[in-house]
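In what follows, a structure is listed as structure tokens, so that the remarks can point back to it.
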Amino acid sequence: MTADRRNLKLAVDLGGVKFPNPILTASGTFHYGREFAPYLDLSKLGGVIVKSLSAKPWPGHPPPRGAETPSGMLNAIGLQNPGVAAFCDHELPWLVEQGVPVIASIVGHSPEEYMKVADRLRGAPGIVAMEVNISCPNLEDPTKMFSSDPDATGKVIRGVTRVASQPVFTKLSPDVTNIVDIARAAVRAGTHGLAVMNTALGMAIDTETFSPKLSTLTGGLSGPAIKPIAIRCVYQVSRAFPDVPIIGQGGIWTGEDVAEFLLAGASAVAVGTANFIEPTASMRILDEFIEYLNRKRIRDVSQLRRMMKDG
Amino acid sequence: MTADRRNLKLAVDLGGVKFPNPILTASGTFHYGREFAPYLDLSKLGGVIVKSLSAKPWPGHPPPRGAETPSGMLNAIGLQNPGVAAFCDHELPWLVEQGVPVIASIVGHSPEEYMKVADRLRGAPGIVAMEVNISCPNLEDPTKMFSSDPDATGKVIRGVTRVASQPVFTKLSPDVTNIVDIARAAVRAGTHGLAVMNTALGMAIDTETFSPKLSTLTGGLSGPAIKPIAIRCVYQVSRAFPDVPIIGQGGIWTGEDVAEFLLAGASAVAVGTANFIEPTASMRILDEFIEYLNRKRIRDVSQLRRMMKDG
Amino acid sequence: MSPANPGAWSGPAEVFAYRRLAEPYHSLTLVAPEVCSRAAPGQFIALRMPDDRSLLLRRPFSIHRVDRRPGWAGTVEVVFDIRGRGTEVLSRLRQHAALDVLGPLGRPFRYPKEPTNCLLVGGGIGAAPLLFLAEELRGHGHRVDYILGGRTQDHLLRPIEAKRASLTVTFTTDDGSSGYRGVVTDVLAERVRATNAKVVYTCGPVAMLRAVARVCAQMKLSCEVAWEEVMACGFGACLVCAVPVRLDRGGDDDWAWARCCTEGPVFSASRVHWERVEESGAPTTTGVGG
Amino acid sequence: MSPANPGAWSGPAEVFAYRRLAEPYHSLTLVAPEVCSRAAPGQFIALRMPDDRSLLLRRPFSIHRVDRRPGWAGTVEVVFDIRGRGTEVLSRLRQHAALDVLGPLGRPFRYPKEPTNCLLVGGGIGAAPLLFLAEELRGHGHRVDYILGGRTQDHLLRPIEAKRASLTVTFTTDDGSSGYRGVVTDVLAERVRATNAKVVYTCGPVAMLRAVARVCAQMKLSCEVAWEEVMACGFGACLVCAVPVRLDRGGDDDWAWARCCTEGPVFSASRVHWERVEESGAPTTTGVGG
């Protein structure tokens, strides 16, 4: 930490969930934290959102699982994870020990599977909140993701909020006609907050081999390329639900990007793809954000949400 | 033209609409062509899709109307245009004189307005096709664009195809839950082809002034940043409607990008934002594409559509 | 590299020199004979960002000076301050670096037909095109006086050259660190009388242009303003650079958006529809692009 | 710049030298003492693309050689051929250019405990890590022989250095322009017998690794393969670099995806689940990311 934090209020409160600062790490871009321990002091992070957890182990997709695109990347990991039980036994204790708030991202193929994961995490020490990744094909209709349908979203969130002992954040996908409709379904189903947004569905083709660059044809687009879409989604949702706390994400690379998300209406942010290129990205971004606050003489980060000039 | 075109078949036929080569210029990025005459020989283009035309003149939005984003740009021109009559009197004759196929992009606030424009263009000399820009707020429900609703799309396209004397291409927006549903509505309404895709809705905020970078808050995201989304949309639509010709667009910058769109299922492409940075971009891209075809020993461009390895 | 006629020239230019000017300002001189030979004061060039493809758009810069020494490849100089990533990248360029240039672009200042007393009014970096203009006006036999303003002494763009280029120069600074303490419009009316100026040329922030235009209107002086609006293409294709202008018939409701890059950047102050000029982009409806 | 321990070192490195090698190959030597001191054969470094922010991801490159001369800042050399924009950018770098490096990364080749005859098998640019490996093996008292293959004579990576680094070298080229006409596996069994090799180290295209591994399995030789899979992070965080491996209990259905960047890039050939290795990424279901 080089930047001057004196008389700055960095801590944020998202509907009761407290983070020492607004900069978290995004699910699937920080694994369970271990890989980053050599590079940074995890206790300096606002929080860690772990790779999505399923009830049973998920193997993930065959390679190639990644491809670069202009200012972005595509991925098709396939939500590979060892399952919630293995996570709780082998990963969670170490992570909690680092002294960083942990958000558990959960995923499933049916409302029941989501509930199983939430149930397994009931009262798990150190887990301050749950992020529900609804960008996952719904077994009842595999052509659709839960996130693309208000009813499916409502079902999953109602189930999870019933069993979860922690506050629930619903993670929205940008690939919908009206993201506010999905947000409304989640809010009505009792979500405490929202995470905006997940990757956008994209595709790339290798013109030398005539093959798709991902083994799965399509995949999730992330990185700075999608930031303008993420800012728009955060703005739309925050104006529709001013009292629902939002974790903004999508292409964050600098401290100014953090400010842009908070101005759009987010209460905290998650750094994703940037972690891959710079293991210390989250710390650099926090430093830059603190310098920005000092330069603009903003003493309390939560002020930014109300500072945008949008008439 | 530096690249070697000998025994190459560049001409394409999109359901009866013929273009000397598959590289067109995208609506709103080439105005009515005049500005480019000093830089390139318009007759060398596959075709020109002109800035969208409305029944009456549209003034457009106040500035700022543009902002740069990582590998992309946002715009909020507001479909400024002098109206279809002024276009026919003052712009069309000159453009047709250049010896390039002209596609008229049309726009309106209601099906009736779209039909008025199409009617005014009936039998207009030199106009080989119509591109219907349905990414426009619907007066009956200004919160929605025609492009975000199958019924509204169907209404517009049914109306236009009824009065138009030229083949009709419906231009789809990526900002929908299922682009195939919108494509289906357009096909059922009689569209001859599809243009995939228009800009994605985005937003950017100036963190120094706390104001949105566009006077309209949100605007259209274009450029290489959105290419993976455009490739995905073209692929989804072309696999759902293999016999409906597609004009691919979104972030095209190189000859390889053209190949990528054709592999995804497009029959022709439109170069957009690249025209702004390089007035001669379309010609460079055509040269690069020809070199690519020669390198890969592809003799007929229309082969590419069937060469993708997607099992 | 198209021999664009009447269009602009487009191609790679070599950096002849980079110079750091007084505190906030930087200078970049490019070898670009084709641009140099055609450039007129008030026109601009659009520079493509080298190397970094994530910086998509060209950056427009007023032509600050040209060097047409015979037997020497013509050069074009721009001066700039650092606003963001693009200008920061430009400030790191050094001799022999290559840069893609499009220009000259836009409508230049127009000169009076008869020998006339001209007053130039520049604020901050906005003064960029005025030295070139002063030289050309004097070459055409006009008298040139100059009001140069800035926040502090350091923000006065090239004060010595300004002195050389005009008969009298009046400096104004917000903090009084040099010349008159205040803004250019505080001294404008007095300087007009003292120099018996009939034409005023100005460029700088919109607020300043508006104030200068108002004074000129009151004093019945013809006034030309050089405008700055966000651009994407620079040559009339995108319609991004909208400036509200009265139509020739000129009623208050009879107006339209003009393209700053082709119908401007220099406008007759009387043509600008000042009531419709937003000084901050206060958001209106929501846009969908296109 | 975190003193990453056990993690990799991350920071800016200066280009000490760029060299054009035989036809398709380029060499870049970086001043990176922290990487140099810890590097082991088979490990790689991840280079961030300079300047161009549109090229988001680091590019992984095997450590080709290190120079630990005492009293001299340690350097690390990588060799590469041009596959796309990133390697093209790298091929334009010259002395004193700065480059952000992350490394050393990954699991290196393991050496036999007892003095052993080792056979190295490299194809094309895949041979990159083998010179370094040869030096280290010999330093540990092992005999080293080398089979170096390529499409043509020009595609034999550093043949002279290969000769110096090993007792015997056998060249194979697809077109017979140098050495044996054919592929490395055509001569493998014979060379194993002739050199009485007990351990085989190989890297190159997957098809070659598969063929070498098959021969080694038949001849009951221990074999280590250096794998190449698309990566995003290089240090275990993203799960992009999936390689199918048998789990310790080893049944055919008892397998999982291993991370090439941390559990590899060097794998014991017997651990790789060859039946599940796709040689071309034939698409399966459609993915949604995550």
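In this document, chain identifiers A, B, C and D correspond to the written order of the chains, with residue numbering beginning at 1 in each.
Heads up, the rule we're going with is that contacts are C-beta pairs under 8 Å (C-beta built on N, C-alpha and C of every residue); 3 or more make two chains touch, one makes a residue touch a chain.
The model shown is predicted, which means the values in this text are computed figures rather than measured ones.
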| item | value |
| --- | --- |
| Steps in the shortest chain-to-chain touch route ending at chain C and beginning at chain B | 1 |
| Centroid-based (C-alpha) most distant chain relative to chain D | C |
| More contacts between chains, B-D or A-D | A-D |
| Inter-chain centre distance, chain A versus chain D - centres from mean C-alpha coordinates, in Å | 35 |
| Approximate Å spacing (C-alpha centroids) for the pair chain B, chain D | 45 |
| Separation of chain A from chain B, taking each centre as the mean of its C-alpha atoms, in whole Å | 34 |
| Distance from the mean Cα position of chain D to that of chain C, given in whole angstrom | 56 |
| Contacts with two or more other chains, residues of chain D listed in rising order | 53-55, 280, 282-283 |
| Multi-partner residues of chain B (at least 2 other chains) | 70-72, 74, 201, 209, 211-212, 217-218, 221, 223-224, 309-310 |
| Overall pattern in which the protein chains touch one another (line/ring/star/complete/other) | complete |
| Residues of chain A touching chain C in the complex | 70-71, 224, 309-311 |
| In the complex, chain A residues that touch chain D | 27-31, 34-40, 51-52, 59-68, 70-80, 107, 133, 135-137, 145, 198-199, 201, 209, 211-224, 273, 275-280 |
| Contact footprint of chain C on chain D as seen in their complex | 51-55 |
| Complex contact set, residues of chain D against chain B | 53-54, 280, 282-283 |
| Interface residues, chain C side, partner chain B - complex | 2, 4-8, 10, 48, 53-58, 102, 229-244, 256-257, 262, 276, 278, 280-290 |
